[in-house]
Each structure stands twice: as structure tokens, then as C-alpha cells.
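Everything below concerns the one structure shown next.
Chain nomenclature is as follows: A, B, C and D, assigned in order of appearance, with residue numbering initiated at 1 for each chain independently.
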């Protein structure tokens, strides 16, 4: 009743329920940019986030790609980490238990080289304390096998989602690649396969060349482009997908301010994830949460979830969210 | 002989021959950002460019999309002009004759709603004074019919290119869309159809939302994203395509400095086009030309065309261009 | 292509007057023209700002900058000595009435900027000028003192009544029309679109000529990108924009047909009934 | 999370000393640690800079900034009073020898930055410090005067002979080793990778311990992004990096296994034979 009462007296309810999970606010941190949730603890309390999506996790430990793995571009960041991670057993043994006391929804991002690996990961993570959902990474551009290769073929996406659906009762957020001709087709395939939500977008495949030497700037040659540079592409994809599916969308791609987060919500996302912006300012997720609250408060919008999709065709814009 | 002599005494030969056309230098201006070639005349002499790619031209005049047509994003620009142009007859009657005295290679960018329209445009422009090549726009994201719809289907690209090949003896630069899962497949299709060169990339499909109102920021809802934001994606596509085709590549996408232009050349482009950077500084194409010359001069590279592709696998980087 | 800031001062909250050394622009500019100004390290397109005054002898132009976002904040924040990328003057300015003729200028907010330059030129030619200035609050009313000093008659209206009378500039114009004094040769207006529509309707109803300066987002400012086009050429369903005669036709305009581009065909237009 | 510039001064062409008000960092920092600093409006990731000195009383830390690109140009160009986003101190610093022990510090270019802080702490603890400093030219040699003032012995080598003797710092180290004086408890080195390899090889051959501070591109600086990993954990084919004991293990490190991240497992490492 507290929530209700606060709303009635002018407070803003930032809580969002999506895929059956209650998130204290809609601002999560994106996979691969927040480690296993505790690296930023010296800087801010991660318990204030809406949820945590941990690093892409594979069955076996992975050392990842050779250095350099990072290269900044205009308003963007190329990374070619290559899914470095300690493997699912270490994650279960060390990282998830350390994260559990926060009491936040934790989504584990999983990546396999083939369907069987994805299935094993899903099974292994099911029932682990603290794990509230799986984010199925079908879109990592930085690995040879699996990753993006799955995510660009609708039939493969549907089949894999369907198989995972049978192996776990955890909600599945299928994470889509923006490197496709028609993201809507892939989104529909994931939904048809039984996805409980969709995450979009992962990084755009890009590269940079060091002109002094005439050599690729990244050890892996190509990398994934993230950051504000890709935001217009990401917002467009959320907007398109939101018109085609019923499941909730977790939007990401260049969110650095509350205004950016609002673009995603208005385009149809229920939740957002902040990634690269952590590197410009580790406090940005907290500033975004505060900014969302302020935006709603200033306009008399009682619940942030009323903003989802207001920019879609046939919807009423911000005015719609202010009513009632 | 003058060129040779200059080279031998330390001068740099900026000239590039591609698709049988001699360009005085490799820096062109991109279609849609330089009108019909004379709008910037009060600011600089367009005769100093490597060539001019004029606006997307259609058979009938087009009024284009409703305002607003522009929206700036981080290091990027969304546009939804929608191929506003006076139609091919006005272009032939007024614009091409005005441009002819410059003596520069002029490429006319053509866009049709169907194959027959592309064919008529090609026939009509063949033999017009000053027109040295056609840039076949299969990638405009801002029109309902034609444009990008063609450019995302390899079979359609090959068929259309083949048909155009029969209608004109003008070199054909097929302009590809970056909004595809596999740009290499499309590039190969264009080459198989008889393209003399490939232009890449056009804009990425994006959108922005005005959060104050909760409405799309562009009159056309979605638009094409250009500018430095997209450069890593464009460089990656040039690098991929250069490994798959033999025809020369005209690279574009966020080139604002000579270092940016060098990235494209090293990734495999023979020519580059500057678009959005004109809006930050109309003199940027001239600064880029000067910067390329300086880069070569400082390293004893005698001909700028030696830089093409040096970053590709198996090639020798800048050191290769310095030799001989 | 780059100008140096000579002087920059606050005119009010969020409003800055910036004088730039731009001798060629200062020589060439006519009232109603604008310049495209670099928007700082976070912006990749230049922004249009009207020339709001010139000092031909010193080779200076003045911009009045209302801070509304990143580019205007950056331009407004420049200090003397700093260089700034710029090109112009661009576009078609207002056409001036015969020397000595009377004119009205109607400005909403920072829309008054080009009208200050216009009024100065009209006064120089010995014409009588009456100005109606508006804004939501007193802080938004621009140029009243400057106009008064130039000898123009000035009336002010604000939506909250914090300066002049409470209401819209349209009311001022209407009252002046009803007053029966000598009619102006032309009514010039610049400001929010709704204001332009209201003022132009009244002027046309009263049989007066009306010229407006309109706004659209711009990228090139020179007619090259078609970003600033108003495809329908309408100010309102009943009001069309007509190109003004320009002393310098841009090269390659091909006869001036086709949809209206604000940067090249405008930003100043004559308003006519559609 | 934001610090204010207290003082900024040129130390030479393209080299700036920047003092920042960061009381917590000044309290907590140990030599070899770094801070992540905002890179200005054109950059979206923070950049690592070593703490090169502290003033605990006034709560200040000093950065020495070599201008090599947009972020370092921006940080180096900040003026007193300006705020700058920053987090840290981060990473594992050098481990200090027993109080009073003798140490050598070997710095290449701006790599001397963390060694200045280290040398100051060593001197404070009563240890003897000998420094070998190098650079391509005199302009690149950093910190010689400061080290001399602190009472350290200082030798300098430049590639072009414009300061000290012509040659590489390695030559200085070799000669000192050959000289037969009292061996240091540890050789500390920071600078270009080639230099680190050469110095570490010599030190290990001589049976000395060697700690180095290495560089890698960073995004988070806290171990969260895996951007700064050296997957092979090697300084050279024959030289491995070993984590130093740290007083503060970062939470969630899960036992410190896995590939080496420069930001969290380093930037200071012990060099051991592979």
C-alpha cells in the first residue's frame, strides 16, 4: 500500500514488472560492462539499481581475445573482449553467492557455441539463488562460433529459444543483434519460440584502423560498437519491435542520460540497461534513475511504466502518460 | 609527364583512376549533401574536389518528406529528406550544364521506385555532357518504394545491376545499404551483375524521440544516420567487401578528417566521399585533400593510390605504401 | 570561415549578445540574413543565427543567442578572442520599403534579433518604425531599449504581464490597426510560428503587406542538403510563403522552382493568401 | 566523483602537472595506483593517469599528463577551479621494500609519473633511491629535478643525447649493476614495454626483484569490463607477470584466478621468469 499511497500524494512509482519479475526501477546495467556486479562497489551501492545483468557466461572459462580490446570512436566504443569469463561453475561458486545479498533481480547473460551448450548453461543456472532470469546472448559479434551467427537467422533463433524454454523455468530474455536486415523477423522468431522478453540491442559490428601503422586498431580486427553513437539505431529497433511483439523489451544502446532512457521507454521498452555510459561516469545509472523520477514528478506521471510505448503509432505521447 | 616528374622530386600524386575514370584526387562529396554541385560556390571552389556526386535524382520531381527532416544525435545526423529533387529533366536542363564548366568527374546518383524507372534514368543520363558515372542508390532508407527495399536482397541487386549494365555505357557505382546482415553477399551480387564500382555505405536506419512530447523527432518518424558515429561500421564494411570483390570501392560514412579518409583507403577504398562533415565545416573536403597529401609527403609515399587496402589481411600496412 | 569573438555579454537570463569579427559578412549582410555557426565539440552541424546588427567600420556582426540547447549554450558561452567556425551571410533577407516609408516590426522572443538590424537600417533611411515585442515573460522580451534608443515607437506584451501589458503581441498589432494611424508599407515579423500566422492574417486582412522570417532545422545553410525544406510552402493552411526578390540569386538555383528551402529561398518570405 | 583543479602548470613541451582536490584519493592512494579521469566533451571513456604525488594535508593528488591525443590534451588543458570527473585510486600499487631499504626506479618518459610518488614514499621511510630516467629527447625526461631534490641519485639517458648520455636507460642500469655497489631490494620500472622487458631481464639475471607498472587501454578501471586484460599474462615470451599482494582485494574477485586485468590485478606486477 505504501507504493499506492506515495503515488496518490505525488510520489512516483518507479517499479516495473516484466516477464513476471518485479524490478525496483527500470534501470539495469548491461552485460559485460558491470562484471559480476560488485566491481563498482567502492564507487556506489549497486543495490540502488533496478537489476544487474552479469557478464556473458560460457560453460568453460574463456580467456577472450588478444589486446588491444578497446578503441574509442566518435561517441562510441569498440570492444572485442571476446567473452572473457571464468566459466559457469566459477560464477555459481563465487560470483552469484557474493551478489545474492543485494536482493536485486540478477539476469545471467549466457553464450554457447552450439545449442547444447546453451541448454547446459540454462539447466545449470536454473534454481541458483539470486538468478531471476537468463539473458540469451545470440548477438556477440566478437567470437567465432555461436554468438551473432545464431542471432541473424530467425529459424535458428526460434529453435534455440524453444529448446531453452523446455530446459528451464527461468524467464528468458533473448538478446538480439542489430547487425541484421530485419530485426522484427528475428524478434518474432524469439517470441514464437517462447521468449519472455527481448533485449535489444547488442553492439554493431565495426572496426577502426590505426593510420600511423595501417593496421587494425583491435587485436581481434573487428569489434562491437556501443555508446551514444548507436542510440538512434537502437531506438529505431525498439520502436519497430515493440509494434510486432507482445513480450516486454529491455532496451540498450548508448543510454547515458535520463532523456536517453526516456527515448527507449517511449519507443516501447519496459526496462533499460546502461552499459558504456558507466565508463564516462560510473554514477550515470543512479543519475538516470533520479532523472526519470524527476521527469515523472514534474509532469504528474505517477508510474514510470505508463511511459512505455507512448511514442508508438496511435499512442498519445507524454500527454497519455500524464492522464489518470 | 608533369605528374611523374613531381613524384620523382618528392611531390605526391593524388590522382586516382577507378572504373576507368581519372579523378584528380580521391576526395569526392557525397550524394545529397552537395546539392547539384554549386551551392557551396560562395564558400570554396568546388573545382578543387576529386569529383562530385550529385543529389539522388528520380524520374519525376519529388517534394520529399514533411519537416522536420533533420535531427542531430551524438556524433551523428539523422536525415529524412526523402529524395527531394527536381526530377531528371530539370537536372539535365539546368543543373548538369551549370556544373560542366568545372571539368570534374560528375557522378549522378539515381533512385527509382522500380526497375523500369532505374532503366529510364540510366538511359536518359547516358551521353549527357559532364556525367562520368552513375551511382545507383539501392539504399535510401527514407522512401517507401524502391531504395533500401532493393538494396537488401542480393538477387534483386544482381538483376537490377545487370539490366542497367545493358542500358548504359556509363560506369555504374552501386551504392549499398549498411542495414543488412551480410553486406558481402550484396556486394558480390552487384559485382556479378556488372557493377564497375561499389559505393558504401549509405546511412543506417535510425530514429530519435523528442522526450518533451513523446513523439518521433522527424516528420518521417525514421531517418538515415550519417556522420562520425557510423564510421566504425562503414570502415568494417569496406574492409569486408574489399576482400570479396575486385571492383573499386568508393567509401563514405563519417569522414571528417584526413585520418578518417585514410582509414577508408587503408581498409580498401580507392575513393572516398565526404558528406555530413560539410555541415560541421564546409571546407572539410579541402582540408582532407591537404591532409592526405601531407600524410603521403611526410612518409615518402609517392602516390596516394598505394595506400588502398594496406590494412587488409596479408598486406603490409603503411610500410608497404612507402616502398618503391 | 572562422571569426573571432570581439565581445560577449549577457542581455538577460539565458540571452547573450555576441559580437564577432567578420569583415566580409559585415559588409555583405542585409537584414534578415543569417550565418551558420559552429556548435562546439559536442555538435557536428552548424546552427543558424540571424545577423542582429553590424558595425561595418569595425567589420563586426552581432548575434543574439538564446540558450536552448548544447550549440546555443556553447556559442553563447564564447569569450572574447576565441575563434569560431562560421559561414555567411546566407539566405534572402527582407526587402526594404522605399526610403522614408513607415514600417512595423513584430518580434516574439529572440525572433526580434533580425528585426533589430532591420529597424536600424530603416531608421538610417529615415523611415518611421513601430515595434511590437512579445514574450512569455519580461526576460523573453528582446531589444526594447535598443529600439527605443533608435527612435522607434515600442509596445510590449507578455503572457504573464511581467513587462508591458498582459497578453500577446497580436493584441498590440490589432489595437494599432484599429487606432487608424498611418498604415505601414510593410509589417515585418519574426518569432514563433503561431505568432507569425496570427500577425500575417491580421496584416493581410487589413490589406497590408507582410514579410516573415521563418525557422527550420538546417544542416548546410546554403541549399545543398534539402534539410530545411517546407514541402508544402505554407505558413498555415490559408497562408502561403512566396520568395522575395533577391539581389543575389544563388548559382545553380535552376529558376527557383520546386519546394521552398528556408535557407536559400528564405528565411524571409512574403506571406500571401493560399 | 568529481575533483576540482587546484593548480596546473607546464613542466615542458606537451607535459603538464595538474594538482586536483581529491581528499579521499589523497588519503588512500599508494604509489603505483591510478585514477580514471574524464576525457572532455569529445571522449566517452575516462582515461587512466597514475598518481604521481600527493599532499595529504591539503587533500591533493598530482597527475603528470603527457599530451598525446584528445583526452590528455583536455585534462592537461584544465585550469584551476574547473571540475573534472574522476574515480580512484584504483588498482594494485607497488609493494614497498622494508623501511630503509635501497631501491632503484627506472622511468621512461611520462612513465616516471608513478615512480615520483614511489620515490617520495621510499625517501620518507628513509630508503636510498637511485633513479635512471630516459626519453627520446631531453623534453621527454620527466622528474629529474624533483628526484634530485628528494636526495635520490639520478642518471639520465636520451636517444638523441640532448640530456644526460646518449643511449637507453637500460645502459644506465647495466652500468650500475656492473658497478658492484649495494644491490637494491627491488628494481621498479615504468615506461614503454620494450624498456620494461629489457630492464626486467637485466634485473632478473642479476638476481634482483623487479616490479613494473604496465599500460593497457581501459574503459572501467575497476575490473568490470575485461577491456584491459592481457590474456597471456606475459610481459615477453620469457617473462610473466605475477599479481602483487594487495592490502585491499576488490570484492567479488573470486580468488584472483583467470587472465590478468591490468586495472584490477595491476597495473603494478612482479616480473618472474615464465
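As a convention for this text, contacts are C-beta pairs under 8 Å (C-beta built on N, C-alpha and C of every residue); 3 or more make two chains touch, one makes a residue touch a chain.
The structure presented is a predicted model; accordingly, all values stated were derived computationally and were not measured.
Listed here as common contacts of chain B and chain C: no chain. Averaging C-alpha coordinates per chain places the centre of chain C 57 Å away from that of chain D. Remark: chain A and chain C have CA centroids separated by 46 Å (rounded to whole angstrom). Here the CA centre of chain A is 36 Å from the CA centre of chain D. Residues of chain B in contact with at least two other chains: 74-76, 227-228. Those residues of chain C in touch with two or more other chains are numbered 42. Shown here, the protein chains touch around one cycle, each chain meeting exactly two partners. Working note: touching chain pairs come out as A-B, A-D, B-C, C-D. Put simply, chain B touches chain C in their complex at residues 32-43, 55, 61, 63-72, 74-77, 79, 81, 84-86, 90, 93-95, 98-99, 227-228, 256, 276-283. Remark: chain D residues 40-42 touch chain C in the complex. Chain contact summary for the complex, chain B toward chain A: residues 73-76, 78, 152, 179-182, 204-209, 211-216, 221-223, 225, 227-233, 235-236, 239, 254, 259, 262-263, 266-267, 295, 307, 310-311, 315-321.
Of all residues in chain C, those touching chain B in their complex are 1, 38, 42-46, 85, 87, 216-220, 222-232, 250-252, 254-255, 257-259, 264.
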